[in-house]
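One chain, chain A, links the two complexes that follow: it is found with chain B in the first and with chain C in the second.
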Partner chain A sequence: MEETLAIFIASTLRLGMPLMLAASGELVSERAGVLNLSLEGMMLTAAFFGALGSWATGNPYLGVGCAVLASLCVAAVQAWLSVDLRANQLVVGIGFNILALGATTLLYRVIFGGLSREEIPGLPKLAVDGLSNLPFAGTAFFQQSVIVYFGLALMVLIWVILNHTSFGLAVRAVGDEPLSADKAGIPVARTRRLAVLVAGAMAGLAGAFISIADIHTFTENMTNGAGYLALAAVIFGGWNIGRTIAACLLFGAATALQFQLPAMGIVVPTAFLLMLPYLLALLAVAGVVGRLEPPTALTLPFRRGK
Partner chain B sequence: MTTTTIMLSLPDRRRMVGVAVPFIAVAGSLAIGLLLVAASGKSVPEAIEAFLDGAFGTAYAIGASINRAVALALVGLGFILAFRANLTNVGGEGQIAVGGIVATAIGLWTPISDLPLGLAVVLPLLGGTLAGALWGGIAGVMKVRFGTNEVISTLLLGFIALLLVYWCVQSTTLLRQPQTSSATLPESLPIADAVKLPGLTGSPESPLHIGLVICLLLAGVTAVVLQRSTFGLRLRAIGLNELAARRAGMPGGILLVVALALAGAFGGLAGAIMLQGEQYYLKAGFSSGYGFDGLVVGLLSRGSTVGVLAGALFFGFLRSGGISMEIMAGVPAALTLVIQGLIVIAVAGSVILVERLERGGR
Partner chain C sequence: MTQSTTAEPPLLALDGLGKRFGSLQALEGVSLGVRAGTVQCLLGENGAGKSTLCNLIFGVYGRSAGHMAFGGAPWAPASPAVALERGIAMVHQHFSLVPRMTVVENLMLGQVKGMLHRHEFGARIRDIAERFGFVLDPDAVVGELSVGERQRAEIVKCLMRDPRLLVLDEPTAVLPPGEIGALLDICRRVADSGRAVILVTHKLAEIAKVADRVAVLRGGRLVADEDMAGADMGTLVHAMVGREVKPLDVALAEPDDGVADQPAAAEATGPRRFALVCDGLSVEDRHGAVRLDNFTLEIRPGEIVGLAGVEGNGQSELGMVLAGLLRPTEGRFYMGDVELTHAGAAAVTAAGGGIVPEDRHAVACVTAMSVAENMYLNKLGQFTRFGLLHRRALHAAAETQMRTFDVRAAGPEVAFSGLSGGNQQKAVLARELTLDPLVALVAAQPTRGLDISAVEAVYRQIRAAARRGVGVLLISSELDELIAVADRIAVLYRGRLVGERPAAAGERAAIGALMSGQVMSDQAE
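Coming up: the complex of A and B.
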């Protein structure tokens, strides 16, 4: 029983990780007023270029670098379109998701040929000396890949930046009151562009986690809606970093349960467990779990003098 | 000022810019697509030939492409109806899914195949339409009651609906066919012949079905409603300025719910037509991206019914041609996704430019 629980915690952490990475970055962008529906596309792009980089160089760390860089490129265009050209952020996001699915599938077929599932050099699991052998916590917490610990550190960093620095204050200001922020001399457009890039970098890590750290190969559409789940987590978390990460863990747990419950002899329809995150997010946006306050200027482009 | 600007009255110029942008976006994206074919080392003429053959080559190809266009046009029509009230319905995919589920359930669970007067065909279509309307209506009610952004709610409802399809075909108590062996696929039984949509040409070589007639009729109705009815005017009023429309005595909340329910109804009908006209049984992933493609069609049309029909035909043929290109010329059909994505991004990105040109500024 204890062993099962430890494995359950470990797989919750593993399945929740890409969500936590992507959602914490997206949170910064949404607090600044830009919603990236393209999160899914950024993650898929990153997963592909991460796998490609790792395969081509033989070095998984360079792969992670490629993933983040590729995702940043998508984010830069997204930022230009939604901040400078004031395009409809949602429509642009959908466009990017279609494009990313098409482009990665196309490139994958052309470069790797057919449907090969060649294994790529993956990130090692970091077995922390002395901790990974602990009877319960060892299995549950300390046999994860490097990216997990790095990602957790980044989340703490995001929390600090968002709540305790002047840049964090600027982010929240341009997301809630862009007009006043502008009058107070905060560069609205630049702050928003930076916030989108933060989302891009974190989505890049999330994509790299999926292909390089977790699955060790690329498959077509391998993110399979994880980006949308991350968006749902931000909503369910009420645009608060702690609650967003808790939401990601909850969604990860729901996914982990579909493997765990049958092993324990409990029959719950898989579809229901998969649906749970979206249902919870839907209840959350309906205000069932308490009043949610999205950033006031979320998805609204800003233009001086208007 | 140049001579052209003097010769053309403002509305003409406006229309020209509005039509030109999607055309430029489409042409540019197609050109990039061809470059990608060349870059991937495949023969461009061969790819084009395979594309044209798959899209227009045979009576079967043309019929299948038009059937695809019908589903896309319906979703697109629903999209522009709601968009008139400034509502963006992103849930087409889910609305297709619930439409398909209900049409299948009515077809398989109820003894309708013996009914006279074509009711065996009509009842599942109506059921699917109502299911879609309900699915869209939920988003409408959430918007009015809780102020929930319809983009978020329709998107989430979409995922829930896709998983409902998965659930239905996984469970034998729902719609999965009886499991006779471990190899039984997670699909529903096929619907009875009486429930299938009748063909339009009478020839067994063309899959073209009466969905086309339904679609054209509804396109006509939509055009009239949008342009000449009080309802259409009210949708526009509420879309332009909700507060002012409410002050003018319009039932704002009800209008918003009806607009989203109508959009959903079109999606649900598309789902029922896809099921009864083409696929005949329910399986996971049955909506296969038609909801998102339909949204793109609605978006490119800039609110015009004729635009929706033209866009739907374009994407219907694009899909058919893309599939044939993969089979015959070895160019992955994912290329059509690249082209679509580029078109959406280009059109969305050029909105500001278009507005500036329309206002006549430089």
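Coming up: the complex of A and C.
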């Protein structure tokens, strides 16, 4: 039983990880007032280019680099459209997601074509010396991919940045009252662009985690809505990083149940388990579980003057 | 002091400054010098170009013509950020604070780089506040502060940058009467510390207390610029409005048109005894604090009852309740003979309750829609046939109304946001006063931010409505206006009705004492 629980915790962490990475980046962007509905597209693009880079170079770390770079490119265009051209953020996001799905599917078929299902070089699991052999905790926490530890450190960093640095203060101000921030001398557009790029970089890591660290291959539409779940987690978490990460872990746990329950011999319809994280997300977004106020200027483009 | 500074070159010099927005010449040929160590007042009616001038100085807009010099060098700030960096700070009419952040966070915004040290910065805030003679809690969340406190936070924010010139755009417009004196004291102390202060206002009486020099703008042009010591109030008023106006009391006094109050009111009384009845209304906010406490008031048809009180003593809540936008925790209210306590806004309108909300922009109108649409927002059904809006009829009706109520706009089809504050308010009033039937009118701060002629127009309409038998509840923080317009004045203090007085100039002190909570009137136990 204890072993099962340890595996459950480990898989919750593993399955929640891409959500946590993407959501904590998205949180920064949303606190700055830019909603990246394109998170799903960023992750999918990253997953593909991560796999491609890793396969082409034989080095999974270079693969991660490719993933982050690809996602940053998407984020840069998103930032340009939604911050500089003041395009509707929802429409831009949906457009990106459709584009990313089409483009990665096409490229996958063209490039990998015959050798689909080929395993690509993946990131190693980092068995932390002395800790990974601990009973229970070793299995639960210390036999994860390197990205997990790196990602957790990044989340702490994001918390520090948001709450204890001038950049974080600027991010929160441009997301709540961009006009006031502007008058205080904060460069609103630049702050927002940077925040979108943070979301892009984190979504890149999330995508890389899925294709290189977790599954070691690319399949069509392999993110399978994880980007949307990350968006839901930000809302569920009330735009607070701790609660957002908790929400991601909850979604991760719901996903992990799909594998755990059958393993424990508990018969639940698979369809229901597949649905569970999305159902939770829906309830969260609908405000059933404690609604909190979004940043005041979320999705609202900023223009100086009248 | 004035003699010695005259010799120095001005800190800020404007020369032939002009600004054009499309076809509107907002500012033209303005030349002015502002010296260090002085308070320069800038007077003018709404739309005279005061805010535009401030925004040019502060780099919000670029100028269209002329030159500026600051500290002896040419001045053309590309943005507010540049202006701040080079020594000009501005307190805007609409505060530029982030309500969800604390005072210290707001003040650190744009001021610090890297890690935040809230504690040390908070101590600096306390120091500066103390130096200029007031108190400010750095850890308070801005959204929970009073207007006066927010304004002081704004001022500290400006002073932290150690500016050589502090610009305050209409700082007194939002303040309750009791806080205006404190603000002017702060202005004086800032000027005495060697800085220059530009104080924008359209309230003439205030400036006499604090100004060294006064300049008057009218229609975008500078029409007066003189030392306060030698200035004559009458001349300034004349310069400001460009025509002879009666002083406020006279302007607002009952027009002598031979229609005596008494018969009209009696005639209109008819079967109804009361136009508006509030019976023990109480409101608790979501933190459980009592905002309105057992408020009971009866207004007869044809009667104007003024509700005085320092802002934030329950007026907003009462206004919301009577508009059908907020459910009272306890109590009931009636308009005519209809109970409307839980009926909602549409039912209030249907029952003949005209509402002029406190917040003109957010509640009273849809600024992106046309003047005509806004004037008939509650009666669009009249112009709808087969589910389609008959726009020509709507515009024709609106044009008639605009003439009747003196709403000045290029036409009924122009966007509401393009109107001046006074014309917006007149349009809102026109909409509410043409309700059929109209039983009661609740007007909250209907003259806030309006110039004298608009104030006069608003009260003329309200008074006319009362003569037709409408019961009026007039909520205002302008005691002078209430005394001039209302029949009797009730006073709200901390959500309680603490007393009632006849509306007479001799009662000013008594009402003032009630407003400040110093005495409880006999009637209120």
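Here is the rule we use: the second predicted complex is superposed on the first by the 298 of 306 C-alpha atoms of A that agree within 3 Å, B and C clash if a C-alpha of one lies under 4 Å from a C-alpha of the other, contacts with A are read in each partner's own complex, and residues count from 1 in each chain.
Simple rule for what comes next: a contact is a pair of C-beta atoms (placed from the backbone, for glycine too) under 8 Å apart; a residue touches a chain by one contact, two chains touch by 3 or more.
Note that the structure is predicted; figures quoted are calculated from it, not measured.
Colleague: Regarding the shared-chain residue A:88, is it in contact with chain B (first), chain C (second), both, or neither?
Modeller: The answer is first: A:88 touches chain B but not chain C.
Colleague: Check the residue A:170 against both partner chains and state whether it touches chain B (first), chain C (second), both, or neither.
Modeller: In the superposition, A:170 contacts chain C only.
Colleague: Is A:279 in contact with chain B, with chain C, with both, or with neither (first, second, both, neither)?
Modeller: The answer is first: A:279 touches chain B but not chain C.
Colleague: For the overlaid complexes, name the partner, chain B or chain C, with more touching residues on chain A.
Modeller: B
Colleague: In the superposed arrangement, which partner chain does A:100 touch: chain B (first), chain C (second), both, or neither?
Modeller: first
Colleague: Classify the contacts of A:270 with the two partner chains as first (chain B alone), second (chain C alone), both, or neither.
Modeller: first
Colleague: State whether A:186 touches chain B only (first), chain C only (second), both chains, or neither.
Modeller: So A:186 only meets chain C here.
Colleague: Can you list the residues on chain C that touch chain A in the complex?
Modeller: Checking each residue of chain C against chain A gives 60-61, 79-81, 84-85, 90, 92, 95-101, 105-106, 108-116, 157.
Colleague: In the complex, go through chain A and note every residue touching chain C.
Modeller: Checking each residue of chain A against chain C gives 163-166, 168-170, 172-173, 176-177, 179-187, 293, 296, 304-305.
Colleague: Residues of chain A touching chain B in their complex?
Modeller: 37, 77, 81, 85-88, 90-92, 94-103, 105-106, 109-110, 225, 228, 232, 235, 269-272, 274-275, 278-279, 281-282, 285-287, 294, 299
Colleague: Please output the residues of chain B touching chain A within their complex, sorted ascending.
Modeller: Contacts found on chain B: 36, 40-41, 88, 90, 142, 145-146, 148-149, 151-153, 155-157, 159-160, 163-164, 166-167, 170-171, 292, 295-296, 299, 332, 334-345, 348-353.
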